[in-house]
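Please read the structure below before turning to the comments.
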Amino acid sequence: MTPPSPAALQARFAAVRRATERLTATLSAEDQVVQSMPEASPTKWHLAHTTWFYEAFILAPHRGGYRVFHQDFGYLFNSYYEAAGPRHPRPRRGMLTRPSLAEIHGYRRYVDEHLAVLVAEADEATWQTVAPLIELGLHHEQQHQELILTDILHAFAQNPLAPAAFPLVEAPPIVAPCDLGWYGFDGGLRRIGYDGGGFAYDNEGPAHLVHIEPFRLASRLITCGEFLAFIVDGGYREPRLWLADGWAAVEAQGWEAPLYWRRRQGEWWQMTLAGMLPLDRQAPVCHVGYYEADAFARWAGRRLPLEAEWEVAARTVACQGNFADAGVYRPLAAPTTGLSQMYGDAWEWTASAYLAYPGYRPPAGAIGEYNGKFMCNQFVLRGGSCATAADHIRPTYRNFFYPAQRWQFSGIRLAEDA
Amino acid sequence: MTPPSPAALQARFAAVRRATERLTATLSAEDQVVQSMPEASPTKWHLAHTTWFYEAFILAPHRGGYRVFHQDFGYLFNSYYEAAGPRHPRPRRGMLTRPSLAEIHGYRRYVDEHLAVLVAEADEATWQTVAPLIELGLHHEQQHQELILTDILHAFAQNPLAPAAFPLVEAPPIVAPCDLGWYGFDGGLRRIGYDGGGFAYDNEGPAHLVHIEPFRLASRLITCGEFLAFIVDGGYREPRLWLADGWAAVEAQGWEAPLYWRRRQGEWWQMTLAGMLPLDRQAPVCHVGYYEADAFARWAGRRLPLEAEWEVAARTVACQGNFADAGVYRPLAAPTTGLSQMYGDAWEWTASAYLAYPGYRPPAGAIGEYNGKFMCNQFVLRGGSCATAADHIRPTYRNFFYPAQRWQFSGIRLAEDA
Amino acid sequence: MTPPSPAALQARFAAVRRATERLTATLSAEDQVVQSMPEASPTKWHLAHTTWFYEAFILAPHRGGYRVFHQDFGYLFNSYYEAAGPRHPRPRRGMLTRPSLAEIHGYRRYVDEHLAVLVAEADEATWQTVAPLIELGLHHEQQHQELILTDILHAFAQNPLAPAAFPLVEAPPIVAPCDLGWYGFDGGLRRIGYDGGGFAYDNEGPAHLVHIEPFRLASRLITCGEFLAFIVDGGYREPRLWLADGWAAVEAQGWEAPLYWRRRQGEWWQMTLAGMLPLDRQAPVCHVGYYEADAFARWAGRRLPLEAEWEVAARTVACQGNFADAGVYRPLAAPTTGLSQMYGDAWEWTASAYLAYPGYRPPAGAIGEYNGKFMCNQFVLRGGSCATAADHIRPTYRNFFYPAQRWQFSGIRLAEDA
Amino acid sequence: MTPPSPAALQARFAAVRRATERLTATLSAEDQVVQSMPEASPTKWHLAHTTWFYEAFILAPHRGGYRVFHQDFGYLFNSYYEAAGPRHPRPRRGMLTRPSLAEIHGYRRYVDEHLAVLVAEADEATWQTVAPLIELGLHHEQQHQELILTDILHAFAQNPLAPAAFPLVEAPPIVAPCDLGWYGFDGGLRRIGYDGGGFAYDNEGPAHLVHIEPFRLASRLITCGEFLAFIVDGGYREPRLWLADGWAAVEAQGWEAPLYWRRRQGEWWQMTLAGMLPLDRQAPVCHVGYYEADAFARWAGRRLPLEAEWEVAARTVACQGNFADAGVYRPLAAPTTGLSQMYGDAWEWTASAYLAYPGYRPPAGAIGEYNGKFMCNQFVLRGGSCATAADHIRPTYRNFFYPAQRWQFSGIRLAEDA
């Protein structure tokens, strides 16, 4: 892959970095220090960790004479790279009231400046090495932009005051609700996975052949109104609708609705990044885990799509949708009756376990830990969400979460055998 | 599928029932009441549960006027069938000192007698319904025969006296250790899964096409000696060899060796059904979980086979091996240099998550809970073990356990891309 | 203290040993192996542990040439004596299906025989040393007789079949229920604690002066009917009646009634050693913890007695009551309107923490661990119960349990300031 | 008790409120939001809770027409008063990034102003009611001043950067280390507890007679150097030195030293409010729990004092010492060889369980929950610490913590029988 020009990449670097900071502009220093559960991280930590990524994997090895900003930041802001040394235990990231947010911003500027100089001065050979790492760092930072949003939503949802992280952006008016339609696809041997032509994570390849059966895919995401029907029908109380592990989670966690739904005086509300809002029945349901998506599909007499099916279908539509760039930060009702919402709005749980594609080899070194070591116990989600940067997503993109996890913008699209 | 004749099935029924009881003949009533962990069950419970299966799914619905042996046994001995009503909590099965073992044996006789009458008197239509359920019940009981062995081994391994459940059966002499060889297989479109011609569980079908890449499979299982080299090389101390969840398990559980290995005064021993034995370096390693199998493969520069690969290879050899029928109850060194040990000795962890085959539909009713609701978070194992009945196994058989589970006779066969 | 004669002590030894075995005669080997919670032990373990006590503390040190019955039994049957070496972890006592019950009985006979010889042959100096240890061993065994009863009741209460450990012994007919009366006692300086004249545990001394205020003591134990009034009045739902730790226990454990009360179709039942019986409203409530006793007292506008108060009052009545010797094994309604039930029926929670008396020094060696190291976090109970041997109890006897523990025969007697 | 004049109490009110804010002046908003364990609270929460106390118990009931500052603050900042309504779960106090620190300061000003008006305008009858509540509120706030210090120390100790909350104040030079001396006291009947003449908590009374035996008390607190000798002698590895519950804590928590001691390259350091400092061997050991204090005393052949003994001794010296007012915030070496350090430096664990004095009745209403409901499972500490306000302590003051808790400035003074 030919790397982009230094100027182009530097421009994109600046844009991504600014976007991250813009995302945190309405949050106080107090907001940015808190960790609401071990899986979530403080905003401040995300700001530092994405910065450390450039420092540890680009500046330190590839910029002669570079001095790290602070000797302890490698320990504090390494996430999970065993090859990069020991690190602060994940569940204790919320203990870091120091360094202050202001110091973290200083860290960002320091690394930005040094990276700009490295880009400007890199000779051809260095550029061949460094440009792909910067590219990776930018996609890495975009992933953390999404996590900043999902993590602060989780934190604010723990607060009885239900604060809004962002001002409310009204949804565009809906002419009429879109009925659920079905799109058929042929079976046969299909090639899926990343095949060159732009950035992709290692786990999206190698491209390879998969035999699929004929199938149909729902035209849009399942709405809150449809999911409410599942609840009203006793969906959360009937073990026969659930996987055994799913039912165990329902009982252990006391689940009765998606993560951020709240019932008050008989009315349903949903906690969002704009605070507590009345439930929008036309909007896609999100913050459901795989267990709920699977149970809903069983109740509906359908199933979840395989990731190969999803990818085959997704290649037939443009990669457009309700992304973080719109600043709405919640899923919106489907605008058309066509095959819609394949990208954006809510990640779509697939029925595929997150495993290596045939022939997959992680890259050498610490970067090899980026994706490969998580290929166990998780399910693949596809298509991005209202919290994903528009230029971060693509048809081959494989996101992955544990089946009980619900704090991402994760929703449901149904499939069925043709 | 044409059902077998009543006489043939009754003979097989009697044989399987006797085999179960023979398996427990050396165990005292005290041995048979204990539950050593929530995943394991008391021997006595297995004796009763396998009996309840016939009572609940065959006698009660299909034998007019049948009176259950004891009104509370449905509650006590239902394992996990939500459709069959509430049940005694799994972790408390070891509290059931009553009913006594003698009463359970009475329960077995009672159900055996009633089932014999049902078989003898069944008209043609009843037989069409009942025969497949009896067949299922027999395979179900054979699965529990294996669990009786693995569960009592686990229980005895908690006892500092390390008692032997069975007398030691010496291994046949080995002429020479078999080097690890490799067998190549072509890629392409292959049909896998159950395609008729005998009994199979629902989860083995439908037969379907899978595209596989060319691959090589190791000629035999990994030995204890080979696994010891992994340990000596620091395998349990190097996080980069492990899946992230695997490493978390290593640290949380303090794993340093397979489940039943013990180090005493510098020598390695292994707890077996014949008590504590010196580690046999030529014998296959077993009682490793998926995490360990995967880490070993990574350390060896190989990988685990996909279940489709395994099945393609397994169809090239006879379904023979060191099964429970031999009464050895531990894996033995490979006898030949050919593609060996595909069946028996130790279950082989595959790299495939336990998920539904395309088009899979569980049967209606409680029986539909047999396999389908577990299709999540587990990995497929293939080939049976030294604790499996010889006539219980077949090339399409899909066993499944969680990746951290180690108390089954589960071992390692390596694969690699061709 | 002058030791008893060898013949007298040997007779008592034989009697206590036989009493233990008689207590277990109706229990099967299966019953005797199970451990229903970490605090409880299998019957079989009690049989072995009480035997080990004589072996470890008397035969091994004081009988020349004594060979232990089994080299591993010290490890298996040491309860908590750090000075006596490492031991099998307490929560895993239920894993010991071997040694069998028959072997444990053999162990008992072996030790009994050797002890008889030691007693018969002891010279005067040996006798001075050994007799107090035998005496201690007998009281130790009597404590375990009570634990055998409370532990098997707990185990059987986990069984949905609610088996009876003993045949039901009917309560004597009650002429009329006894109203709750009050007995006044003067304040002033009082001497409490063991002051010589028979056996006592180390923790009952030294005798010492305590200043008490004038007080009144209830004439009898609180009945199930009175406790039911507390329940009906919302006692388990009103946090203001409870100590903070008690309320936390109510919420965490979901307490709604004493440990063995069950509500079925609107009627209250109680699990007993004779199986499930209708609640006897005249009988004393038992199987309540300190938290419940304290909350009940607060609800009743009274308080629990201090142990000094209890002892002062107890010295005014004879040490008689409904003990284990009666074979009833459950508390019975108070027979008279006088100060009754001070001994037997149910242990009485006091408001005194279990702490050392002034000048207390534990004995040297392992025996010093018998009582002293538990002087923390527990409360004193006084007076014995229906599961206590009649000749085991005395006015100075200090029993102690954690405030949340409920599986003993522990009940409530109220006090108030005069 | 005659209440102080409005002017005097208002002056004291202003002083205490200012002192609290001064204590937090060096902490950032980020520092003040974090909760490092369920037992500790964020600084910001302390600032709000102490304010809510005046609002809930004084302004709301006693100032006509008072409007609460924020309708949700009662829910957020009620600590444990069941009678004052439901409240935010304690372990989640660290989730409250909103209200902001600035809003909490606004809350403080609002309540201060309204209280000043209430004081100024109170008629005689109101003043009789309100003045004791203000007095209680001030002592309550002083307790939280100490908790602000101990909680922020705990939080900063979780931070690998070991930040300093306050600048280091050097210890005064020591002429010579003070040897440990012993002071004898007679036995007999002594009156202890609060007997009028100033403010006291309800749990300090009623004054009552206690009989004590003759005893000797150590002249000063145990030093870090003396405690180090215990460590070096294997104190944390010898179960026979510990209470059973204490040893269980040592094993479960992996204790090897007091809470904030750290060993680095063979040298001992201690985390303090001035950051990480080399261990001062002359200074009193602190941040030990009751279990450690008790084990140390046993190792030293002594015991801990009873609270009655302590109080008898404490009445012989002036109530002076190294308190929070000095701004040192760590214990200092004893300055003299007399009976010293009875007040200040470190709280002294006593051998007395925290229980009601004879005749104790908690006040009516929510205020009655202040002390009474904690009379279980805790031990009494006496004398105040370097984090206690000088005018907050007195000879009868009973502090109480669980025996495993170590994050307070809690130390050791030895006693022995005379």
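Each chain gets a letter, A, B, C and D, in the order it is written, and its residues are counted from 1.
Simple rule for what comes next: contacts are C-beta pairs under 8 Å (C-beta built on N, C-alpha and C of every residue); 3 or more make two chains touch, one makes a residue touch a chain.
Here the structure is a predicted model, which is why all the values come from computation and not from measurement.
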- Query: What is the chain whose Cα centroid lies farthest from the Cα centroid of subunit A?
  - Reply: C
- Task: Please work out the Cα centroid separation of subunit A and subunit B, and write it as a whole number of Å.
- Result: 38
- Could you put a whole-Å number on the gap between the CA centroids of subunit A and subunit D? 46
- If you average the CA atoms of subunit A and of subunit C, how many Å lie between those two points? 59
- Message: If I count partner chains per residue in subunit D, which residues reach a count of at least 2?
- Response: none
- Note on the structure: A full list of chain pairs that touch reads A-B, A-D, B-C, C-D
- In the complex formed with subunit B, which residues of subunit A make contact? 80, 82-83, 189, 208-213, 239-240, 242-247, 290-291, 294, 306, 351-353, 355-356, 358-359, 369, 373-377, 403, 417
- Query: Okay, in this complex, where on subunit A does subunit D touch?
  - Reply: 28-34, 36, 72, 75-76, 88, 92, 94-101, 155-156, 158-161, 163
